[in-house]
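Down below are the structures I want you to see.
Same chain, two partners: subunit A is paired with subunit B first, then with subunit C.
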Partner chain A sequence: MIKKLRISVFAGIMILLGLISVAALGGELTGDEIMQRVDENQFISSGRMEAEMIIIDRGRENVKEMEMFVESDGEVTNGLVEFTNPRDRGTKYLLLDDELWMYFPEAEDLVRISGHMLREGMMGSDFSYQDALESEQLTDLYQFTLEGQEEINGRPVYVIKATAREDREPAYHSRRFWVDQERFVILKEEMYARDGRLLKEMVAEKVEEVEEGRWMPTEMVMEDKLREGSQTIYRIKEIDLDYEIPEGKISLDTLQ
Partner chain B sequence: MYLARIAFRNLFRRRGRNFMIAAILTLAVLIFLLLESFMIGTMNMSFANIIDFETPHIEIGRKDFFEEAAEGRELPIDETFIAGEDMLQEVRESPGFVALTGVLDFNADFIAGRHQFPVRVRAVDMETFGEVFRNQEYMESGEFIEPGGDGVVIGDQLARYFGLEVGDYYTLRFRDKGGSFNTMQGEVRGIVNTPHPDMNLGTVFVSRDKAALALGLEEEKISQVMVRMDSRDRAPTQAERLQEKVGAGDISVRSYRDGAELLVYLETWGLTETYFILALFLMVGAIGIISVVVLSGIERVKEIGMMKAMGLKESDIVRVFALEAGCIGALGGLVGCLLGALGNIWLVVRGIKLEEFFDLAELGAPVADKVYGTWNMGSFFLIFVFVIFLAMLASLLPSYWAARKDPVEAIRER
Partner chain C sequence: MLFKPVQKVCLVLLVAIIVLLTGSENSRAIQVGGKVELESGLFYQDDVRANFAGQGELEFYLPETRKLDTRLVLRARLGEGSPEVGIKYLYLRYHLENGHFTLGRQPVSWSYGAIMNPLGFGFGIEGLAGESVTPEVNALRYFHSLGNGSSLQLVLGFPEGLTAQPLDRLAIGARVRAPLPGHDFGLVLTDRPLWTGSGPGEDNLFRAGFSYSGDLGPVGVYGAFGYYRLRSAEIDDLVGQVGVDYSWKVGPEYEEKDVYLQAEYLRFFKEELGPVLLMQVGEGNGFMPEANVQQAEPVDIQDMLVGNLSMEIDPFSQAGLALITETREWLLALIPYYQTDLGGGVELRLEGSFLRDPAGELSGGGRAVLNYYF
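This part shows the complex of A and B:
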């Protein structure tokens, strides 16, 4: 009887320990797994957005309004941005995989953005053209290390350090992400140079449920940390993730 | 001699008309000489500035590096190389060789305070840089870079744009060998003000060993070997010779003219424009001479008849008119050359400030300050002879028309 009881207690402890360890393993996602979830959450196969970009420089605000179309098959991402505010109306950017084109309506001129222009801010913002070009999924470019857990605005976040994969050449050699533990949305991101200097910081000010169970940042603030007093607010006003982009809409032919 | 005397005397019979034509030719000669002096002077200064501050007589680099640079693309860091001792020895043995240095050029954003500006960073080896380039001689404040130091030397225009002084902080942001952003930061060590405007705004200097480290390159890697020769004339032929000797594979050897295509184009364009203006004036002068001879022929019909009756041949009469026109040409050419020489003294000694006329720097000419003229005695001689020749040539057809008049008809006329 005692022997039977001992076996039962031992079995119970073992089952309990097993359950605890399974629970613990299930909760502790690795950095790669977390960022995989982020990539999945951010992935847009075909979508349309209306957004505005508020560029703040020395206290002055410059507002740019735009309509965006994005399509991706997971490997190749194409996009079209059409500015709609009066001053820039008709200016368009076209992203075709790793090529970026700009169309100026006044000059009726099409320009491929390359060279030093890639490092410059898009329409004078803190988002560089290079940022726009880096459309690959984060998990393809970096390897991740879970550094810890913190809280941002009362929400628990994973702190993840991303370091460039040896065979890849991302613009930022390393990054640090603060990822919402429940929504898998990046709430804060820091981008570093190879020498470890902080180049840019992006903070998600507003996160919204864009479709059932899917959350996305709809207001972000980007700061170029090398330039004083420079800040850009990017605000998504409308988003349609099931939008069917008309054929040929994202092409060089329709850009002009 | 007799015919020459008649021709010379005839010059003063309608002196108002003749001197007006001579004045047009004077103007043509004067404008040509001054424009040519200005053009050649500008080009001489431009090429001298390129050689002293940007690309010396000869540069050696990878073909793709030059091609991508010419296309205005980002200077490719992966097109750098280590110059072998064989190559350097061959360069040193070139006739007219003076000195060589290796530089590492790459693109970056210069950032200070709120602003950023795209620049070409020239990472230099201080031991040899001064033997090839003259940038150090034009320091406005501070000092040139030191080996291994974090300091940067910038142009005075860039300093003004950013409001920077020696000792202020800067950041350079660029893509390294792996394609990732990297930065260099430190203090502005010196401000340079050269006669080459591009070097005062779009180029900054850093220490080569420091830059190579930040770019993730081996310390000996360079983008170009820069070679100074003892004269400009020698550069193209020596560049060709070196191309055969060391230009195997993807290495390209270029003279300063190959790297300054825009300037060579400007030179051709400028001279063509000068000759076009000269041609326009000379055309007006030639038409004037034709009308002078035609009018003289009409006015002197009786005289021509008399001359023919006295036994002068048609060719003698043509010679009289041609000599007359030649004298008008000689007068115009001589006065034009004299005035041209006086004007050129002013151009050569005083020079002219470019911004008073147009922005040559914007056109691509690397000249920031005054432009000085140059003496080209061959042009004086050639234009003088050419104007006389043209005047005589223009007079031939109407002279024949006048000379072919029947002497009886001619004498009866009036």
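This part shows the complex of A and C:
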């Protein structure tokens, strides 16, 4: 049986897409059951997206445009992001499970990204490479506690605290999620360090029904709290959740 | 300097192919992109020299078919002499089931993350002071996928022009690459005419070796070990390289900045062919800056320490310091730099250079570069 995984496209892109598994606890549902609902809603087996990432800092803006492909069999998630804005045109990031490679169009060569770089912001954004590479189920990484219920923009949400399991070392030691009770979409997320310091905050500004009965965030704002005054807006312009990715497109072989 | 005859021929052929491609069912509109660069600088060495130069690149994003790719990048440079117009890349790539053939002027990069790669097919620079130089090669290249990311590349490089050449004037190269989870292994072999600064020399440089990159805990590590031999002169040497890269954050809480360090040490164990490596860097690239190492006096080096330290100022700007030195004659180059995105596709780069030559003479300068991407 295929396990439904929390899918995140690397560099936070899939996180921005809201492909984050959440244990929404409440009512008769257990945390795991609610997480399963979220996964079912947000799981992408083969998809294509066009999006833009707007990096904002103290009134200055930088726009990155990209085309993305993601595929997952429920166990392994692979992704390809190709930037299309003039400055970065042709630059590609290739995610193969937990390995990240960067393709330079000038040299037409692939270079493996060192592990420590995964903590750094991708292309100057508030999303780290590590955000993206975390493709495991949240239930494998965290234990969940329902803290209460609130409203965000008039919509009832579950507030859920996630704490890292003792034997695991996820990118963030703990998280707090605000999950739409009706649509099982993450409307807000906070990421914390082991010492309790708030590291990042993500807010879904726009949620759309991408296909019948299936909702996803299509515009999100991420703030790296360690970089004062900085935020990154991620906006999906086009999404195809049934896209048939050509065989071999997301591979080292094709990019060499 | 206008296009050379052979370049004109290639362009005409390419236009014909484009016409055929655009008439196919899979045709898409041709797109154009590129950059314009304006540079102004002052350099002191006995006297003060100023320079102003401009250059540009124009890339045509051509229609692709399932079997055939093309790439065309033109460039022009305005400097002290007559304007130069040339072809940066112009090639055709034919796809096979497990690989492709590429014929024409193309980049050939065999990178494993090092700033200075002693085992590339050409000799480029990667990410030194935030800038890179990719070797451009007139070649027939075959890439064959061995599965799971592993690959074999075979390259036959030839001098510019379509004139007949003796076999030893051709360059040959082979690379086997084997990426494994957490590691990237490479095995290379090349034999090519030695570049003398004004063109291919009389001797051939043979190289064979292996490269590696991976992680050692939180530190990225890489390295290479190889054998160099000048075939006619019958001089050989062994070269080894180790490198690390690491990043961390500095600054007060909630105003932290990312800092990135890359450093590598390269040594010629028999102290014979170090200068050869330095002379080859940027080979064949007619658009290198005037003060490039290719045109410098030969330096008797046995090792090189190359480093780059950079810090993110904000999401749009970074500052850094690059270093190149060696321990025999203490040749030294220090390059502080700052680059920032001004918005609207415009980038500004400020760069200094402080040089110490083998005689102990000091020189230095600075330049400002404005880039516009479209």
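In this text, the second predicted complex is superposed on the first by the 224 of 256 C-alpha atoms of A that agree within 3 Å, B and C clash if a C-alpha of one lies under 4 Å from a C-alpha of the other, contacts with A are read in each partner's own complex, and residues count from 1 in each chain.
Just so we're on the same page, a contact is a pair of C-beta atoms (placed from the backbone, for glycine too) under 8 Å apart; a residue touches a chain by one contact, two chains touch by 3 or more.
Nothing here was measured: the structure is a model prediction, and the numbers come from that model.
Trainee: Fit or clash for subunit B plus subunit C once both are placed on subunit A?
Mentor: Taken together on subunit A, subunit C would clash with subunit B, as the superposition shows.
Trainee: Now for A:D195: first (subunit B), second (subunit C), both, or neither, which partner does it touch?
Mentor: First partner only.
Trainee: Touch check for A:S114: first (subunit B), second (subunit C), both, or neither?
Mentor: Both partners, subunit B and subunit C.
Trainee: Which of the two partners, first being subunit B and second being subunit C, lies in contact with A:S230: first, second, both, or neither?
Mentor: Both partners, subunit B and subunit C.
Trainee: Considering only touches as defined above, state whether A:G124 meets subunit B (first), subunit C (second), both or neither.
Mentor: Second partner only, subunit C.
Trainee: Would you check which partner chain A:D57 touches, where first means subunit B only, second means subunit C only, and both and neither mean what they say?
Mentor: both
Trainee: Count the residues of subunit A touched by subunit B and by subunit C, then name the partner with the higher count.
Mentor: In the superposed model, C touches more residues of subunit A.
Trainee: Which segment, 57-65, 111-119, 147-155 or 219-227, is the subunit B region that clashes with subunit C in the superposed model?
Mentor: 111-119
Trainee: Mind sorting out which residues of subunit A both subunit B and subunit C touch, each in its own complex?
Mentor: 57-58, 114-116, 119-120, 197, 226-228, 230
Trainee: Taking the complex as given, what residues does subunit B use to touch subunit A?
Mentor: Residues in contact with subunit A: 72-74, 107, 109, 111, 113-116, 118, 171, 173, 175-176, 178-183, 185, 214, 216.
Trainee: Taking the touch rule as given, give the residues of subunit C at its contact with subunit A in the complex, in rising order.
Mentor: Contacts found on subunit C: 33, 35, 98, 106-107, 109-113, 124, 126, 132, 134, 143, 145, 147-149, 151, 177, 179, 181-182, 184, 213-215, 218-220, 245-247, 249, 253-256, 258, 260, 312, 314-316, 341, 343, 345, 347, 373-374.
Trainee: Which part of subunit A faces subunit C closely enough to touch in the complex?
Mentor: Within the complex, subunit A contacts subunit C at residues 55, 57-58, 60-62, 86-87, 89, 96-97, 99, 104, 106-109, 111-112, 114-117, 119-121, 124-125, 197, 225-228, 230, 251-253, 256.
Trainee: For the complex, which residues does subunit A have touching subunit B?
Mentor: The contact residues of subunit A facing subunit B are 57-58, 114-116, 118-120, 164, 169-173, 193-195, 197, 199, 226-230.
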